[in-house]
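Note that chain A is present in both complexes that follow, paired respectively with chain B and with chain C.
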Partner chain A sequence: MVNKGNPCLSGRGVTKIFGFGRHKTIAVDHVDFDFHEGEIVSIVGESGSGKTTLAKMLLGLISVTEGEIYFQGKKRDLSSGRKKQEYWRNIQAIFQDPFSSYNIFHKIDSVLLDCIRMRGGGNLPREKKVEMMTEACSFVNLKFAELTNKYPFELSGGQMQRLMIARIFLLKPKILVADEPTSMIDACSRATILDYLMKLRNETGMTLIFITHDIGLAYYVSDTIYIMEHGRFVESGSADDVILYPKHPYTRRLISDVPKIYEEWDLSTV
Partner chain B sequence: MLEVRDLSTKYVTRYKEDVYAVDRVSLKIEEGKTLGIAGESGCGKSTLALSLMGYYFPPLHYISGEIIIDGQNITGMKPDEVRKSILGKEIAYIPQAAMNALNPTRKVIDFIGDVIRAHDPTWTKQMIYDHARALFERLGLPAEVLQKYPVELSGGMKQRTVIAVAVTLTPKVLIADEPSSALDVTSQKMVIKMLRDMMESGFIKAMIFITHELPLLYNVADDIMVMYAGQIVERGTAKQTVFDPLHPYSKGLMGSILVPESGLRSAKLTAIPGAPPNLKNPPPGCRFADRCKYVKPECRVTSVPLYEVGHGRAYRCILPEEELRRAYEHGE
Partner chain C sequence: MQHTLRQVFRSGKFIVGFSILMTILLIVIIYPWVVRHPPLQIIGQGTFFPPGIYVNVYDAIHAPTLYTLNLEDAAANRIGNKLRQEDRVAMKEWLVAFGVPEDEIDIDDTEKLLALWEANYNPDLRLPGMTFARHRYFQRVNASIDGLLSTEPAIIAAPNSETGALEQKALIRQTDYANVDEVANVRILALGTDNFGRDVLTQLVAATAVSLVIGLVAGLIATTIGLTLGLLAGYIGGLVDDVLMFFTNLFTVIPTFVLLILISFSIGQDKRGAITIAMVIGFTSWVWTARAVRSQVLSLRNRDHVNLSKLSGHSVPRIILVDILPYIASYVVMAFILQVSSGILAEAGLSILGLGPRTTETPTLGLMMNWAMIYQAHILGKWWAYLPVLVTIALVSFSMNLMNTGLDQVFNPALRD
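What follows is the complex of A and B.
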């Protein structure tokens, strides 16, 4: 890993509890983390390990039961709608299912125009806006001229996910949370999506947080990997350390469960 | 065990347009073997699986070809006949996301009962229960699952239950369409282990495994067939197709593998630009020509046959083997 930038997003003792009393479920259990500027972080865990809950807390979509999240060194404050909007200018997300990420009644133009407005470009002349949208679309190899006046459902899954990245290109947030961005699209388009995300990181220097259960993907893209089990981080470190020399038994099990091509896949340990 | 000769099928849309989803596919699986089918979404993998069973209902239509299961030619049988005497007994199919289709108001034992009664209505409840119990023991699943509702089961257990329901009548050939793609790695491993145990103990005689996850396919299948736009573009053993792909499309697919092994980080993922052609009017020449790095003018003119290389290996490209291999070496 190259030299780390300043901490961009940190958490101390972050906890989320659903329900109370006997029906209490601790989804995220006192986790500490420091995500640095320009870093690519992956949070890896099985289904039910609490990784999506953590992502939602990072995004400020659900409240934190206990603990604090610090944004750029300061305590995060989401007490009013205006402050939330300000926060979301800095942190954005790409979700797993591109088919449900869009409002089906809004045309693609309005999706992108919203982004320009959010960056304070609402009063720009129409030509300038079109130019910006064209640039964003060409960044992800889509043609704006073909997309204008279309609805999101007219696109394929891979195209929708690329349009999502075009949105991020317009918004230029400081942090991007990608929650399983490639699990719904097949292997060939996966490489394309990852390439665009990496390119975007290189151009804007934003922090990328991948939430995934695909260890291969985490290993390929990230600088730092956090392994999550039952709401806790059981292991963290640079990608090479965690994947090639895992210490925690849970990490070892996860890695041994992934089918490989150069090593024998041991089926006896189920 | 299963032989298919030049099978072609099409979909007819509601505007009466023909979509040629499976184009002259031939394949052969011997007893005890697993055939893997790879390819991106929309290339006809699932349609091929449906067509293999000989059970056609609109919008899927049969055009030509022969299907022979264990010496029995099922071409030209009526759909009703196929359903009664072939499906479930000779060949069983686990559709994609089948576990989400379990009726939440019925118990697992009822699904098994349905399958048995559809073929032989004389079975009593007790007979069905005994059969199901023996089946679950054989497959290594806990028998108490039989009395549970689908919502009470975890994703991995649901998927294994679906497989158990599919093999209730001990079919000879099992077609598994993306059986593990919605599961996390640990449940996926359990499902794969169950399938492999069934193959090893001879419970099912042959299997067709469909997925786009190549590392998984490599570990499950003996032979791999790569499909593109309804055609087979490459066929060979698992090792050959993964480590020494011949067709440019297979090469591209292999370049998108992500496995947590050393060397991955330095490797560059190769993406295949563009999208598959529209099968309403497939291009006259090579169907991959528009996305191919090594395309030549003649590629677009004449259709390319599947060249047999020998030992069951075949590929569909006009360039000779050596030239392709050389191009791949230089291209990287």
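What follows is the complex of A and C.
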């Protein structure tokens, strides 16, 4: 158990409703949370439980219907483009599907160059930029010389996702929202991606908000776990508390749904 | 980009459509360089001269050399030109009705038939039971075969400037020929003349050029408006979307063609130039492009690459131009091609109703149809006044639709063979 730092991202009564009237869908229903600095937080839930919607609200990509999100103790203000840009200097994301995370018409260099520009290095000489990009790529065991001038479709899924981590390495945000970063990757690459994420987190000390449907994975990586069902947090606490002594039936079901190698898989709960 | 182009040019349908359109374009560009006649000059005195090569008779007679060619079938051709098979049958019918025994008449022996006719026919005699029209027909046949078997040369005579009496200048024998190359004035009217006596082919080429420009301008305007509104409504959403879609829906509900007719009519004949018409068409046909682009953008704006671009701090215009537009570019190109094609058709439709560009300056495909219709070319059987125009309109829009289908197959993998 790490010592909890100051809360860097908190929410009170955060709600997202899509549609109106009879077609109303409550994706996220009055959730409260406190994510602390340097913590690894996992938000676990099945498909459709509102995890990704919550992640997008945290990122400020979609508006919050009701409730407030506090960033570093202050109410988050995204009213202008400039304020949004400032906010996004501090919070970044890795998305689920690496194949759709890139603009297919642009060479991958542009993604990394954008990061350098965002960190205020837009006017650096070309050599310096190449050096920074090479460093970022070698952090995730990619060779920049092999990747430069290539289009996204020429890369494998694992390479693309590693490049996304390289992007975070360049940006060094305070908070990283990783929305199921390994679910589209095969099992072998999955471990590598997780390793790089942990390594990056250890080096930069950033807060990692990990969104996953895999409770085993969440237990493996996180300090704190939030269990989400139908837009609500049904249980939260330190990873050990939640996994080893689950209180809510939904949590127990999630845990029993994890396939185990030496046991009969209990399918009765599905 | 290069890759896409290579893929596009591997599609058979696209290549066929593209070739047809390029051929039409080349003809439109090259023809005025070769044939430098003004397209709307009235050259014919009279309406609807049939297609053919027109040789100046005066110049033919005065050709520098007249050649003698002894051709065996010359006499037969000359007779055949004036006395067709149905005329011979009719002559036999008259003679039989007059009382000549039927077995005495051999319609294939021209000399005997004419002798019998000469001996018996009386232009003033109207046989019982014969309609007046039929009676006049026989008078016309009689006039046309007058002197048919003559082998005498034709005499060219000119009046003497002092006495006024005709003097023989030259003899034109039946075996005299003039070389067309040596005749000073020969005009090829490949598609004849129209109701005003204007060269249809030259006019058609000029009209195609104007119609293509009208289609292009209308297509550009419609696509630009539709694209801009669609992108803004789709990407920005919210109130902007509501307002823009309100206007788009208004335009959807009003039948475009009716609107087009009303606007064209209210502009007035004097102010309706080709470009004005193109603009009116453009400003009334952007609706479905806007709707289609909007729905495409709606599905694109929540993609991860757009989110990533936002997180990278890019501005809204940059995201629209760089992260959205390229993804719908193929669709926009296809929509543009269809807009050009429908712009040409809309102009033709307007002009047929008499609401096209004013008629004094430029011909358009629609105007040519309008003129042909007003002067009843279709009733009179003057096919050259309207059929080539129809074929051109059909070819232009066919080629564009074919290109569109080809592009669709390239960009939409589900449609690939």
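Note that the second predicted complex is superposed on the first by the 264 of 270 C-alpha atoms of A that agree within 3 Å, B and C clash if a C-alpha of one lies under 4 Å from a C-alpha of the other, contacts with A are read in each partner's own complex, and residues count from 1 in each chain.
We take it that contacts are C-beta pairs under 8 Å (C-beta built on N, C-alpha and C of every residue); 3 or more make two chains touch, one makes a residue touch a chain.
Only a predicted model underlies this, so the values are computations on that prediction, with no experimental measurement involved.
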Which of the two partners, first being chain B and second being chain C, lies in contact with A:259: first, second, both, or neither? first
According to the stated criteria, A:145 is in contact with first (chain B), second (chain C), both, or neither; which is it? neither
Thinking of the overlay built on chain A, is A:156 touched by chain B (first), by chain C (second), by both, or by neither? first
After superposition on the shared chain, which partner residues are touched by A:215: those of chain B (first), chain C (second), both, or neither? first
Let me test your reading of the model: by the given contact rule, A:46 touches which partner, first (chain B), second (chain C), both or neither? first
Once the structures are superposed on A, label A:240 by its partner contacts, choosing first (chain B), second (chain C), both or neither. first
After the superposition on A, what does A:190 contact: first (chain B), second (chain C), both or neither? first
Enumerate the contact residues on chain A facing chain B in the complex. 46-47, 141, 156-157, 185-192, 194-195, 213-220, 239-240, 243-244, 253-255, 257-263, 265, 267, 270
Footprint of chain A on chain C - complex, ascending: 303-305, 307-316, 322-323, 326-327
Complex contact set, residues of chain A against chain C: 56, 59, 61, 81, 84-85, 88-89, 92-93, 95-97, 100-106, 111, 114-115, 118
The residues of chain B that touch chain A in their complex are 40-41, 155, 184-186, 188-190, 192-193, 196, 212-216, 218-219, 242, 252-253, 255-265, 269-273, 275
